[in-house]
Amino acid sequence: METKKNEGTKRPGSAPGSLIFMGEKKVDKVRIRTFRWNADQCEEQEYNDVGDLPDSIGKKDTWWINIDGLHDPALLARVGERFGIHSLVLEDILNTRQRPKVDDYDEYLFAVLKMLEFDSSTKKVIQEQLSLILLPNVVLSFQERTGVVFDILRERIRSQESRIRRKKSDYFFYRIIDTIVDRYFRTLEEFGEMQEDLEEEVMEKPNRNLLRQIQEQKRQMVFLRRAVWPVREMVSTLLREETKLVTDSTRTYLRDVHDHTIQVLDTIEGFRDTVAGMLDIYLSSASNRMNEVMKTLTIMASIFIPLTFVAGIYGMNFNPESSPFNMPELNWVLGYPFVLGLMGGIAAVMVIYFRKKDWI
Amino acid sequence: METKKNEGTKRPGSAPGSLIFMGEKKVDKVRIRTFRWNADQCEEQEYNDVGDLPDSIGKKDTWWINIDGLHDPALLARVGERFGIHSLVLEDILNTRQRPKVDDYDEYLFAVLKMLEFDSSTKKVIQEQLSLILLPNVVLSFQERTGVVFDILRERIRSQESRIRRKKSDYFFYRIIDTIVDRYFRTLEEFGEMQEDLEEEVMEKPNRNLLRQIQEQKRQMVFLRRAVWPVREMVSTLLREETKLVTDSTRTYLRDVHDHTIQVLDTIEGFRDTVAGMLDIYLSSASNRMNEVMKTLTIMASIFIPLTFVAGIYGMNFNPESSPFNMPELNWVLGYPFVLGLMGGIAAVMVIYFRKKDWI
Amino acid sequence: METKKNEGTKRPGSAPGSLIFMGEKKVDKVRIRTFRWNADQCEEQEYNDVGDLPDSIGKKDTWWINIDGLHDPALLARVGERFGIHSLVLEDILNTRQRPKVDDYDEYLFAVLKMLEFDSSTKKVIQEQLSLILLPNVVLSFQERTGVVFDILRERIRSQESRIRRKKSDYFFYRIIDTIVDRYFRTLEEFGEMQEDLEEEVMEKPNRNLLRQIQEQKRQMVFLRRAVWPVREMVSTLLREETKLVTDSTRTYLRDVHDHTIQVLDTIEGFRDTVAGMLDIYLSSASNRMNEVMKTLTIMASIFIPLTFVAGIYGMNFNPESSPFNMPELNWVLGYPFVLGLMGGIAAVMVIYFRKKDWI
Amino acid sequence: METKKNEGTKRPGSAPGSLIFMGEKKVDKVRIRTFRWNADQCEEQEYNDVGDLPDSIGKKDTWWINIDGLHDPALLARVGERFGIHSLVLEDILNTRQRPKVDDYDEYLFAVLKMLEFDSSTKKVIQEQLSLILLPNVVLSFQERTGVVFDILRERIRSQESRIRRKKSDYFFYRIIDTIVDRYFRTLEEFGEMQEDLEEEVMEKPNRNLLRQIQEQKRQMVFLRRAVWPVREMVSTLLREETKLVTDSTRTYLRDVHDHTIQVLDTIEGFRDTVAGMLDIYLSSASNRMNEVMKTLTIMASIFIPLTFVAGIYGMNFNPESSPFNMPELNWVLGYPFVLGLMGGIAAVMVIYFRKKDWI
Amino acid sequence: METKKNEGTKRPGSAPGSLIFMGEKKVDKVRIRTFRWNADQCEEQEYNDVGDLPDSIGKKDTWWINIDGLHDPALLARVGERFGIHSLVLEDILNTRQRPKVDDYDEYLFAVLKMLEFDSSTKKVIQEQLSLILLPNVVLSFQERTGVVFDILRERIRSQESRIRRKKSDYFFYRIIDTIVDRYFRTLEEFGEMQEDLEEEVMEKPNRNLLRQIQEQKRQMVFLRRAVWPVREMVSTLLREETKLVTDSTRTYLRDVHDHTIQVLDTIEGFRDTVAGMLDIYLSSASNRMNEVMKTLTIMASIFIPLTFVAGIYGMNFNPESSPFNMPELNWVLGYPFVLGLMGGIAAVMVIYFRKKDWI
């Protein structure tokens, strides 16, 4: 599990900034896709290598360079060289177990985010890392694999009416973050539905397997919180930070993202309460069942034990012939019916008593 | 439930500030009502569209423009244009799942609040969003539907003696917030009464349905806290913030609202403790009932098992004729009465023992 | 209960600062008592109305004007006018559900405090509100009814040796706060004794009624904390605040009050732990009792069930005459004594076993 | 108990700074012992009264004036006069229920500390108050009674090699605090050993008396924390504070004390966890025992109930002579052995079943 | 256990800075190994005593002086003298129970760290203390014994390509910290695996021994947190601190270490949740088992008690000859088969009932 094993972290003693990809290879080939736009035009291109990127990048217009696939450290090293990126940043991009954060390297901003998707088959949330670098006029993005999340953003760039076209790279940087955070809502919604089902099940038929699931849910909550909480910090930092790379106009928009992350965290907090409540319900249900078992035993035993005692009485072998006091009932004409009636009476009394106690 | 589904949030990838109404349509027609007043006069008007609003707004006197109904984004866009409101603000007004907050846009203040009403049929608190914009001389308010909360405020404006008439828009802005926060007290009072009933019920006859209700109460608490807590932050911000829109005289009044929000939060905190206590009582009641069941079983069994044993003894078929040691009691004259007496004695001893133990 | 119902708060929509008394009328007539003193003299007076107060107040010497009874808003309004007090302050004085606080209005300081008394009959702490206004050379105090707490202070003023006589109004203002906070210790002491008794009872004979009491105690703790915690904040504010009304020499004394409030809060915290511990003891006692019940049942059943079985064996009707293998014991000379001995042996074994298990 | 009753606090209404000793009189006679030293010499003296103290104090060399016994307020008042100490300080010295703190009175520093000793007979930690006043060249210390803790310090002063001899009063002030804090470690060690024994006992044979002890331990933890936590704050204050009385060189040493108090608090925190764990173990042990009781009952009942039933069958009085279907087994040659065998078989099956379930 | 006994702390009263080794002697002989390097060369040396160290140290090139073994205070005192180290620092180096921290002594930085290794045999994490002193051009390191952790670092120094060779002592100082923190990940991974096994065991077969282990795990968590949390603070301090000893370029790298410590703490936090969850599972499993025991008893008793009662009926000795109502069944031709059938029927009904209840 991601939260337990940190195989993604570089080995102790290996030089910091040495580029070793730590994670699963999720795509076959690294894809470099670029968008270049200004208010009037928009141009898309796909390249095989960093060396093929035009020299004009960053000089005019706004550029988005998206790299899908992280398993080629050499290519990444060339990207680093081309754009003057610190080796620690490159290392962080390759390490897909990074915590969300933003680092200000004066010439550029480096941000790490998690994209969250709910996998309904495993009932777990899957996360994927997105690294962003904001340079003047350029946004670099690094993903583990080609995803669909950005397709809508691409549509927006192509549309001449889009505000993206009229704004600079810092606005586009914000738009990527915004897209990711908005995506969280859908993920949480799916998660919430699953959780409601689980709660219903715990209420209706508690079993030990559910206890496992509740524990798993708890872990998921921690996992989600850990992915989202730093995003909030990150946006706060961007709002506060004295970086020239983000304009005041974009900061207004970032305030909106900030509100959204708080809403996401509130929702997660609500889920945590629900999970904690589930455990209460589970335990109380278990004790309820025990109660029912005990009641059944008590009712059965309390009714039949006195009856069996009466039967035992008349099974005694006192000799009626030795004395008129010795069980004369045995020879009564209505002795047997009388005893059966007595037993029925005792049983009736017990049943009435338990009814009154509301046990049956 | 509101805290779980966030369908009200804009779709990922859609442009920020694109105006899509997210919520239920609660009124048929958008109503625009205006109040204009100064110390001497007060004029009320109702308009059909933004275009009909007079040009004099904001130039002199104090204006309150109240818009009921949020399902017409186009109208709202025109309002935005008319008063120079940022598109993000308009988006926030339309999104009825907003968290209470205040944003300072230099030329105006934007505030979001929740109006809370206790619905006694569902035993839940219903919230409705109110958005406020404070401009110099103008207060804009946006509600989901026409409510009765503001009727008292309208009365106050009409009264010549009212302090509102002598003060500016920032004071009226405070008065709206104050009215809403004061309303919280009544809502909480009704909520508290319901909770006391519930507590009584948990104490008297705990059942599984109550467990569900307790869980629901917990969620309501989180829900209330989430609606009120940010209001406190919001007022703190207004007290601190260096905005020219709020005068020092009004800040003194806002300090009063601040105290009230703290009182509201204290009350909610008290409710939380009560709910937590209810769970303790519920669990302890359940264990109490189990105890009672076990006691009944133990008493019944402990009394009759020895008696049945005695009866069993004298049901043995040892042949008194084979030997004088073989159950001579069976032929005694008072054998049967003696055994019955023995049994009565045993039963009496057991009863006395249980009495001493305080079990019966 | 005070913490639940806030009927004392002004109605929504009513103008802020409108003077409506919210609370129970606790005295028949409002009393205005004044003290005027300097190092040499001390003069006491009682007035019927504010208008009768001499004009010299605040000009020289130190004045203490104490008003008992808050049910006459008109009188209070006149006090406000006479001393230039903000209408919000007057509203706060009338609202006896106020949270302790200090507000700095430049020309004067306004402080609200709670006086706490332990009522041994209801086992609850009763609170009464005290409002203080510190003006240069004047201290105004407003109480719900005439109490005994201030009698000692009055004695001190009358005594020529008292430091009060040589100091200004800010020192007297401190002395009132100090007197109230010191009173908390006695209240808590009485409370603590009651709690110890309760703990003993929970330990000795837990019953459902105690559970209610424990819950009530919990609420009392919250109630106490809520009354004292803001006092600490209040004193901190006075220590920090840049008000000219409090001299540095008096601040040294306020530091002492600050230490005392921390001690009071520590004590309350200790009570909370005790209450939490009581619940643990209660629950564990309940489970202990269950254990005892179960043990009794188990011992009774485990001893008699095997004996009854043995008796059952020899109650079988196998025909000894059909075969020598058919229960020849029935015709043995010592058959019956042997069986009785066997039963005694089994019972002895069981008893020894339970002894070893430490169950009896 | 110290944490509950605050009888040591001055009566409400009594003048602040009025010197009334609040505590138990622990020594018969107040002892005033002085040390005077510089790098070359060291002189010890014992005086009966403050008046006898030489005038040279504080003018040159370093002086330590230690006063054992606090029951003579008059003497203390004279000390206060002699060294110019504020009456609130003197009051704090007499009030042995003081919270540890440091107050800066510009001309001197006043510090209160708790000395902690573990009393193995009551299994409690006893605290004693130490008050320190740091003047230029003089350290005053006030103790409830003559203790052994300072003997080692006295030895150090006497030794010419000691760094104390070469340093000023602020260093000696640090050394006293350091000695007290170091003593905490030993106290905690003894406490920890006792706690381990208790934990072992809870694990091995839980009984109700242990529950009481666990609750007592909890209180002790709060008690310890309350004694040590403020010491940390106190040292922090000394490190931060802009007082000229403590030199930078001594501050380096105080940093060391600060680390030690954190270590002490960590240890106490660890103890708290242990106590919380004990309650878990206690409760789980109780439920374990219940389980064992229930298992015994279940095994006994489940084995013998079926056997008794079989015996009951053959105790029925159907008349074999009326019909060949009526219990022909009774007349079989091997009827009795067969039934005994059947019973043995049933018992064996049950035993095997319970073995498999791991219950026996 | 380390967290309980603090025998490693100096005795109260002993002079601060007096060098007494507190800990176990882990090596026979103190080893002094030096590395000297610049971009071109690298030289290793081993010395027997501090006096043998060349005078050129610190003047040019970068030096790493590593001392394994702390049991020779005299040697350490000479090191202190040679490099001008404060006696408190030397004391801290010798006290192997130090809390991780960094102290800025202007001329040098002193840092304490814990190296953590998971010992799979005891299932505990072992810690070893590492002390670092950063001087201009020199890094001093003090370990309890020669370990393997630094071997990789030594390899890196020897390699001409290594960034260490081109950087100064502050970078090497960072590299040591980085190596230790990276090592934490492996330790935690091993720990996590062990914990997963334990969780599985708790789920499958809960027993009292596991409860002990869970408690032990809890303590380990506290222990780990206490070792790592201060490292984070420490690095924060280095990032903030205005020391000239650490260059801005190295600070960028330290930011990376900071991120890593947060990740480590997140992982530990996750472990804590897992342990807390284990206790829930354990308790719930125990109650589950009880439930199963109770069910078995209830099923056995509920089936056989009615049957035994029926057998008891026909074991009564009513005389069929006295009256035709007296148990005529006894003489029926099919009386016995009829009763056996009745019993079978009753048993079947009970079994079906329990099946329906899902108990069998």
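Chains here go by letter, A, B, C, D and E, matching the order in which they are written, and residues are numbered from 1 within each.
One rule holds in what follows: contacts are C-beta pairs under 8 Å (C-beta built on N, C-alpha and C of every residue); 3 or more make two chains touch, one makes a residue touch a chain.
Small disclaimer: the values here were computed from a predicted structure and weren't measured.
Novice: For chain A and chain D, which third chains touch each of them?
Specialist: Touches both chain A and chain D: E.
Novice: Quick check for you: after a Cα superposition of chain C on chain E, what is the rotation angle, between 0 and 180°, in steps of 5?
Specialist: Rotating chain C by 145 degrees superposes it on chain E.
Novice: Just how far, in Å, is the C-alpha centre of chain D from the one of chain C?
Specialist: Here chain C and chain D have centroids separated by 26 Å.
Novice: Give, as an integer number of Å, the spacing between the C-alpha centres of chain D and chain B.
Specialist: 42
Novice: Chain E: which residues touch two or more other chains?
Specialist: Those would be 287, 290, 294, 297, 301, 305, 308, 312, 315-317, 327.
Novice: Name, in rising order, each residue of chain A that touches chain B in their complex.
Specialist: Spelled out, the residues of chain A in touch with chain B are 149, 151-153, 155-156, 162-164, 175, 178-180, 182-183, 185-186, 188-189, 192, 196, 203, 252-253, 255-256, 259-260, 262-263, 266-267, 269-270, 273-274, 277, 280-281, 284-285, 287-288, 290-291, 294-295, 297-298, 301-302, 305-306, 308-309, 312-313, 315-319, 322-323, 325-327, 357, 359.
Novice: Spell out the residues on chain E that touch chain D in their complex, using ranges where they run on.
Specialist: Going by the criterion above, the answer is residues 3-7, 9-17, 86, 88, 91-92, 97-99, 101, 103, 105, 208, 211-212, 215, 218-219, 222, 226, 279, 282-283, 286-287, 289-290, 292-294, 296-297, 300-301, 304-305, 307-308, 311-312, 314-317, 320, 327, 329-337, 339.
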